[in-house]
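Next come two complexes built around subunit A: one with subunit B, the other with subunit C.
Presenting the complex of A and B:
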């Protein structure tokens, strides 16, 4: 099977993000819409209900460099969050986050955001004390 | 600047089309949305392409284009149950892409809403329509003791019970629904969360004796009071397994109010499908659906609803 080239894949993701075709609980798009290299992306995760994240909106920065999607994107939280897979600068640590660690080419930014959200909602993480809402790294 | 039309996606699969001049500010847009979406502008938060829109900016600065979508999230209000976002599984087993609760976002908490979720599609043990009276209500408040016991020994049910009891919202709901519990105040909550209570609910033997006791005391209608959590439960904790104490109440009342027993986890029905769905199958046959296997499958998926089964049959 032939591989979908980076730009095709990212264009597809861009359209999905802008038109809101994907999941409702997350959103993503280019940081700067004139960025023809489609490298810098914004993401948001709407905090899962029944957790300490409820009603919060988390902003993230996603970098899809040249080797995306062969290698996972770099994901960084802009909003402060207390999550085991996030270091104290907001970076999502590849080794601690299964979706990045066992990256597959078929994964998308949507996959990453949804998996992060799932992790926020997981039994072990949902009651973690969270920094004040609106604080950033 | 010329007008653009965008889709506002709110929680619970609600969508609004809105046409406006993108040179207006985000605050103005929120007011417009407030008119159609019944959420005051002050508690709206808008997200586009991964960015939270700021009130003072013009919409055009975010380069929103015709046909695009903006997510609408209601922000937290302290006074009422927040209708947060959507579709988050409380059970780790449900997958991300299937909304576990299609009526999320309704504002008020409805414990039965879960049942309409897609994850229940295909459950073979949904209640057959025969359990419901002609008016759609249950024939009786509770299944008979045999059914109940088999239901209680069902691991799925126990799991559900545990999940339910560890969900504070659910507890609040139960307490609200039941005047006796409400009268107990905060103690009620403690009691429901106590391991003792949980054990009681998950021990079929115990339940059966409790039910029988209730029956002898005058049936489900009478209302022996629930044991006060302090004294009674401490006394009884030691001998729960061997000798259910007489104070064990007609606990079913607890659930009768919320109609959970009938609704939340139907008893396993082991009758063969032709018997279980007899009347529905006949109706389907009358309507010209002759394929027995498919009819049964359709009825299973829809929990015995003829209407639903027809839809399923026509769509597949």
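Presenting the complex of A and C:
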């Protein structure tokens, strides 16, 4: 396997996101449609069923800077959430979230969002009391 | 990194030793499948005197699939969108392994000389183009001067 350059990897991710080819429980797209650097992204996670997140939609901001995907993106919740890997500003803490901590170049924004959703549904997290629905940081 | 296929080595050598007039393609030192490209705007087009920067990548399946190419310089053209993505048949369904990097870049240069608003990628630009071609050409010229002059790019 050759090493796909940042921009072409992001174009692939964008296309997958635009066409809705990925998982239905999450979505992502560019914050600005004319951002030629493809740095700022919006993400959403639909709260997993049978958890305190059920029927909620969480908004996130994802920053893919110049060293993405050699290094993980910066991920921040815009919607308030109570989750052990998220600090009190909404930032997903690299050290506390395995997908970012043990980042692999083959991972995508979709990987990050799906793994966050999995963490929300985990046995230890699904019953955590959550902030008021619709509140933001 | 896996060894580079002979075909890619040959193509790269020829791009350097026998370059296409008005086109440059230089492989990156870190990744020999990734090229920095420039294309001069064709003389008789609104893109004349502009130098457009592009990036090109040869995926693992190349030449069974087309190279990936994108404009890095902003351009007002009905078949190129705001992110620099190009709508061109030979980059998609009409790709054939008999084509090469140089033929693809020539096709892109030809596309600059012959915008096709009936097969648009940038819908708003295509609509402007169809409504008032004269005005659209003026805008394309303005953008060329603003974003694609040699001076402008080196300053950024």
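By our rule, the second predicted complex is superposed on the first by the 136 of 137 C-alpha atoms of A that agree within 3 Å, B and C clash if a C-alpha of one lies under 4 Å from a C-alpha of the other, contacts with A are read in each partner's own complex, and residues count from 1 in each chain.
Keep in mind that, in the parts below, a residue touches a chain if its C-beta (ideal position, glycine included) is under 8 Å from a C-beta of that chain, and two chains touch if they have at least 3 such contacts.
Every value quoted in this text rests on a predicted model; they were computed, and no experiment measured them.
S.K.: Assess the superposed three-chain arrangement around subunit A: do subunit B and subunit C clash, or do they fit?
M.R.: Because the two structures are overlaid on the shared chain, the partners are seen to fit without clashing.
S.K.: Considering only the touch criterion stated at the top, classify A:60 as touching first (subunit B), second (subunit C), both, or neither.
M.R.: first
S.K.: Touching A:23, do we find subunit B (first), subunit C (second), both, or neither?
M.R.: first
S.K.: Where does A:41 make contact in the superposed view: on subunit B (first), on subunit C (second), on both, or on neither?
M.R.: First partner only.
S.K.: Under the stated touch criterion, name the partner, subunit B or subunit C, that contacts more residues in subunit A.
M.R.: It is B that touches the greater number of subunit A residues.
S.K.: Using the superposed model, measure off the angle between the directions from the CA centre of subunit A to subunit B and to subunit C, in steps of 10°.
M.R.: One gets 120 degrees for this angle.
S.K.: Using the touch definition from the top, say if A:33 reaches subunit B (first), subunit C (second), both or neither.
M.R.: both
S.K.: Could you say whether A:128 touches subunit B, subunit C, both of them, or neither, answering first, second, both or neither?
M.R.: It touches nothing on subunit B or subunit C.
S.K.: Identify the partner contact of A:94: answer first if only subunit B is touched, second if only subunit C is, both if each is, neither if none is.
M.R.: It touches nothing on subunit B or subunit C.
S.K.: Is A:11 touching anything from subunit B or subunit C once the two structures are fitted on A? First, second, both or neither.
M.R.: Second partner only, subunit C.
S.K.: State the minimum pairwise Cα distance, in Å, between subunit B and subunit C in the overlaid complexes.
M.R.: So the smallest C-alpha gap separating subunit B from subunit C comes to 9 Å.
S.K.: Once the two structures are fitted together, what part of subunit A is touched by subunit B and by subunit C alike?
M.R.: In the superposed arrangement, which is not itself an observed complex, subunit A uses residues 33 for both subunit B and subunit C.
S.K.: Taking the touch rule as given, give the residues of subunit C at its contact with subunit A in the complex, in rising order.
M.R.: 1-2, 28, 31, 33-34, 55, 57-60, 68, 70, 72, 74, 82-85
S.K.: Considering only the defined contacts, which subunit A positions touch subunit B in the complex?
M.R.: 17-21, 23-25, 27-30, 33, 41-44, 46-50, 54-55, 57, 59-60, 114-115, 117-118, 121-123
S.K.: Sort out for me which residues of subunit A touch subunit C in the complex.
M.R.: 1-5, 7-8, 11, 14, 33-36, 38
S.K.: Write out the stretch or stretches of subunit B touching subunit A in their complex.
M.R.: For this pair, the touching residues of subunit B are 7, 9, 11, 13, 45, 47-52, 63, 65, 67-71, 73-76, 82, 84-90, 92, 96-97, 104, 167, 169.
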